[in-house]
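Below you'll find the structures, each written out as structure tokens.
Each of the next two complexes has chain A plus one more chain, namely chain B in the first and chain C in the second.
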Partner chain A sequence: MATKHIIVDDLSVEYLGATKKIYALQHVSLDINRGESIALVGESGCGKSTLGVSFINLLPLNSRITSGTIKFISNSKEIDIFKTPTSELQKLRWSKIVMMAQGALNAFNPVMRIRDHFIDTAYSHGWKNKTEILNKARYLLKRVHLDSERVLSSFPHELSGGMRQRVLLSLGLLLNPEVVILDEPTTALDILTQRNIIELLKELKKEFNFTLIFITHDLSLAAELADRVAVMYAGKAVEVGDVYDIFATPYHPYTAGLITSTPKLRGESTEVTSIPGSPPNLSEIFKGCPFYERCPLRSNVCINSQPKLTAVEEKDGHLVACHHASKNTLEHIKQGDWLSTIQ
Partner chain B sequence: MLKKILSNYFFIRLVKALVTIFVVATFTFFLIRLMPGNPLDIFIATQLAQGVPLQEAQERAASLFHIDLSRPMMLQYLDYLKNLARGDFGVSIISTNTPVSKIILRFLPWTLFVVTVSLFISFIGGILLGVVMALYRNSWIDQILSFLASIISSIPNYVIAMLIVVYFGVKLKWFNIAEIRGSLSPGVKPEFSLYFLKDAFYHAMLPIIVYVLTTIGSWMLVMKSSTISTLGEDYVEVAKARGIKESRIMTSYVARNAILPLFVSLAISIGFVVGGSPLIESIFVYQGIGLKLSDAITTRDYPVMQAIFLIITASVVVANFLADLLLGVLDPRIRTSRN
Partner chain C sequence: MEELMIELNNITKFYRKRNKVIKVINKVDLKFKDDEILCLVGESGSGKTTLGKIIAGLIEPTEGEIKYNGKLLKQMGSKEAKEIRRAIQMIHQDPFASLNPVRSVYQTLSTPLLYYNIVKGEKETKKKVLELLEVVDLTPAEDFIYKYPHQLSGGQRQRVAIARALTVNPKFIVADEPVSMVDASIKASIINTLKRIRKEFKVGFLFITHDLALARLFGGDGKLGVMYTGRIVEYGFTDDIIGNPKHPYTITLLSAVPEPDPAVTRAKKRVKLRSDDIPRLDSLPDGCHFHPRCPLFIEGKCDKLLPELRAIHSRHYVACFVEDAERKILEMTREND
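== the complex of A and B ==
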């Protein structure tokens, strides 16, 4: 049995918009095991980034946590992230939990050299010896296949997007974190650079042994990198399981839809299918299943009763939130003409 | 080598600056001569208004002014350029035989003093308040400050100056208007002493208050919006995630970047320091270059006007040039794009 590293329990987060509330996370529960790599997957706007920043309690000012906790287990001590005072949180951020927010291409202060970003980070966490910091920085930059001297004395704008992403990765490893969270780290990069970053991540994970939380809307990246996958839909986790189980036998029709709509570049057919409809409005709390509007398997139970995330019968650790969950969901989906085809 | 110099960014800038100054000098030379009336007419008119008979007024004018206004304009212009090239601004028409450079040296320091002090207070104050407004945006502090800033920066400075004179001076008698006017009390000489400094500040106080009040509002508002947009930058978010202290983030990440766009306006303001404000200096009878300029305009003292306009132009151009250099030092992205 794997040991737990982060426990998200019943987390709800809402944003106060200009005119209405947005319920971005609704009663999300998720366990993250030590040393694993888990992918958070879902369409745009389903709350992935909101969950990502919750891990270090760095939610924007117009947000509110309305229920739940996040517990982080370090040195067999349980730390309640939302109850930790800011000064303690500051120490924890980047030294134990590294969260690289979406938009990492602008992660660096444009008027500071890369060197000073390393120094600034290390100083903030109590390091004193500049030579030591720079030596570690050099090692890490070499580790991500960069010319360390040149990069250290560069300004951010002098580096390409892919280089900046690598620099950010090595900056992330400066303090030997236990957990690394990456929010869409490759979205802004071209396919080739994207591939390199993924390969690099695998190597780094092997060497430094951190727990990896990988946020993406791209299921194929998740398949490549993750041991486990958590599928999110409209502010909820709808299916969680081992990557193999999720791909081979998805129980939730949404997961099945995502899998079949991932373009397959091999084979003669290059057709792309997609789930019809669009995600629901997050400014109301659902009475029933949030996927109801788009679901091919829906029935009357789904209107008024919200499915809970529960373990499937056949498999330990595979959880799904659907009234009609079954191991045959994928078959159903493939046979029906539910998915719309884009040639 | 030569090619490298010619294509150098700063060389090009320098040439542009010199051309600008030359063009403006030429335009002012001709424009001020197109103003209705010339120094002689104006002098005679004032004499007439004082009850001097026409005949006598004309004789006085002829003996006072040794200028020949009938000389072709083009020749006068060439003379002007020739003298200018030697650093000679010429001689005042009205204060006969006084070199223009002497007049400028006497009046300019006072304006520089008042406007520099004001600009310093106003820029620093505006930036600090702007950051506070951005940090506590939509709080009552921000709402009050924004309201005051936008009101105060839309009132013309001479209106505020008049208000101060009429309300605080005449009505409330907080200060003695007759005593505070001018740039020094009678009998006080410029020297390095506390006594002199105190007197200088006492006389400069009202103009400084007016300048600060009328300019601080726009610094505040610009800094506020610049800070708000910088606060939303990804690198600020990432800096927080890196566990960097709030105070360090505010200074090195937010304020440091938010201030960059303000430098251009600061440069332009520094350029205008030299010109002062004729209206304000007239209202407070402050013996600065602005007051001298408005005198020179009324009496059509061409050489003095020309010299003051030229100095204003030159300082605006030079200030812009320096700001450009400074911006290159402060913003590495700009530095790169120039090389």
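== the complex of A and C ==
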């Protein structure tokens, strides 16, 4: 039985705009197990990045947590992330939970050498011995297949995107974190660089045994790296389950739609069925299912009643939020021509 | 103009920066007709966008010539040149940058229509604009016609950019990563729209992408060129190349692509390169540009001579000295296991 590492319970977050509110997360509950690798998958605006920063309570100032908690379990103690004072949180961040935001490889201080990035980070978490810090840094840089001496004395602009991504990973592991959160770790990288980062993440995870949470819009990356997948849509988790189950038998029509709309390199089909329409406006609270407008399986019950994330009958730990979910969803989606059924 | 034949001879593009010469395109020969689908794949910096812009007539090559129906642009009279420029249109990568933010959809689409005298009068223009919006699946068209780019999502903007390319009845469209900036669920529907346009309007496409699966999806029945450091290293029918790649670089790319199925993607054999670094374009290595990374590198040959693109059988071309590369690489990965 897997032990829980992070428990997200009924989390809702809203952003306050000039004229309207955006309900970015709506009653999200999700358990993350110790040592697993979980992918948060969804399109832009589905709330996956908001959930990512919630783990370390770094939500922007115009946001408000309207319900729910996030509990982080470390040394069999439960830490309530939203109730922890900032001074404690600052110690927690980077030492226990590391978050690498999207594009963080462009966030190095341009006038500091890589060496000083390592030293600064370690100093602010109470390390004193410079040699010790640099030895650890050297080991980690070698671990990500970089020439440690050259990189340590380089400025960020002297390194390529792939190299900076790898430096960032080793900087992230400097304080032996328990949880590593990566937001779009391979977007904007080339195919071969992306492949290197994927292989590296697999190796590092094996060696350091951290819990990996990664946020991506790329289903293939989830297929490659994740043990479990949480599919998000319009601020909600709509399907959660084992990676093999999710890809082989998705229960939610949105998950099935994402799968059928991803082009494949091998296999017969050179056709994809796309999901019609576009994601909904998040400035309203949904009465019914947020996917209703785009869903081929919809019926009247979906208009007024919001489906709850519940376990499917056939499989333990596979959760879905849909009134019409079944193990045949993928077949339905493949057979039905979405564009012709919905106008 | 009945049909259009585009021919690139020995196209080379250099940029100068201080004392350095950056070789972006290196002696590319290509020949295709306006009813063909041609995909270009490669990593950033491989020169695929530059080549696309040269074909669209937006950039002049440093050396070599590009002929349209056997003629150079500068040999043509202004009327004929204008006709060529009309016949080849471009869709750019970033719809957030390619649309003028202070022009409504109507203004964006009506300007080329009026410039080329395709329509006359306001009524006809509006009718044509609405028609174009229907073609690119922006329906109901009345809802979109007076919108400004900031009121549209990324996918909708890209559809406007596609409609703009279609305004002047082109014969050939250069599409530079048209879906790399839009979301997964929207990506497939834009590709389906483009495929429909291909058939309905009988336009040819140069489709530039870094995603091999996308190249297969859009141009599975067309041709594929794989680019590396400004050269085409493999060229042929898309199906042939994906099913039976010949160049070690193509083989590496195909092995590196993650696939949307955990069972498939985790069972894939990955090719290990000798080096991860792409050579700098201002100091390309001697011989084959891929040799410092190539697992099948032959000393004394690959680092001395630049392999020409040669036909291995009719209509499959590869620029590599090694025969039977795929089998050799497969054996190497097996030994490493």
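By definition in this document, the second predicted complex is superposed on the first by the 331 of 343 C-alpha atoms of A that agree within 3 Å, B and C clash if a C-alpha of one lies under 4 Å from a C-alpha of the other, contacts with A are read in each partner's own complex, and residues count from 1 in each chain.
We take it that a residue touches a chain if its C-beta (ideal position, glycine included) is under 8 Å from a C-beta of that chain, and two chains touch if they have at least 3 such contacts.
Since we're looking at a predicted model, the values are computed, not measured.
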Partner touching more residues of chain A, whether chain B or chain C: C
First (chain B), second (chain C), both or neither touched by A:224: second
First, second, both or neither for A:28, with chain B first and chain C second: neither
Contacts of A:155 with chain B and chain C, given as first, second, both or neither: first
Partner chain in contact with A:258 - chain B first, chain C second, else both or neither: second
Touching partner for A:91 - first (chain B), second (chain C), both, neither: first
Chain B versus chain C as contact partner of A:79, first or second or both or neither: neither
Which superposed partner A:43 touches (first chain B, second chain C, both, neither): second
Chain B partner contacts - residues on chain A that touch it in the complex: 56, 58, 89-95, 98-101, 103-112, 120-121, 124-125, 155, 157-158, 171
Residues on chain B engaged by chain A in the complex (per definition of touch): 233-235, 237-245, 248, 252-253, 256-257, 260, 330-333, 336
Contacting residues of chain C [partner chain A, same complex]: 43-44, 153, 155-156, 183-189, 191-192, 210-214, 216-217, 220, 242, 252-254, 256-266, 270, 273, 276-277
Complex contacts: residues of chain A adjacent to chain C: 43-44, 145, 160, 162, 190-196, 198-199, 217-221, 223-224, 226, 243-244, 247-248, 257-259, 261-266, 270, 272-276, 278-279, 339
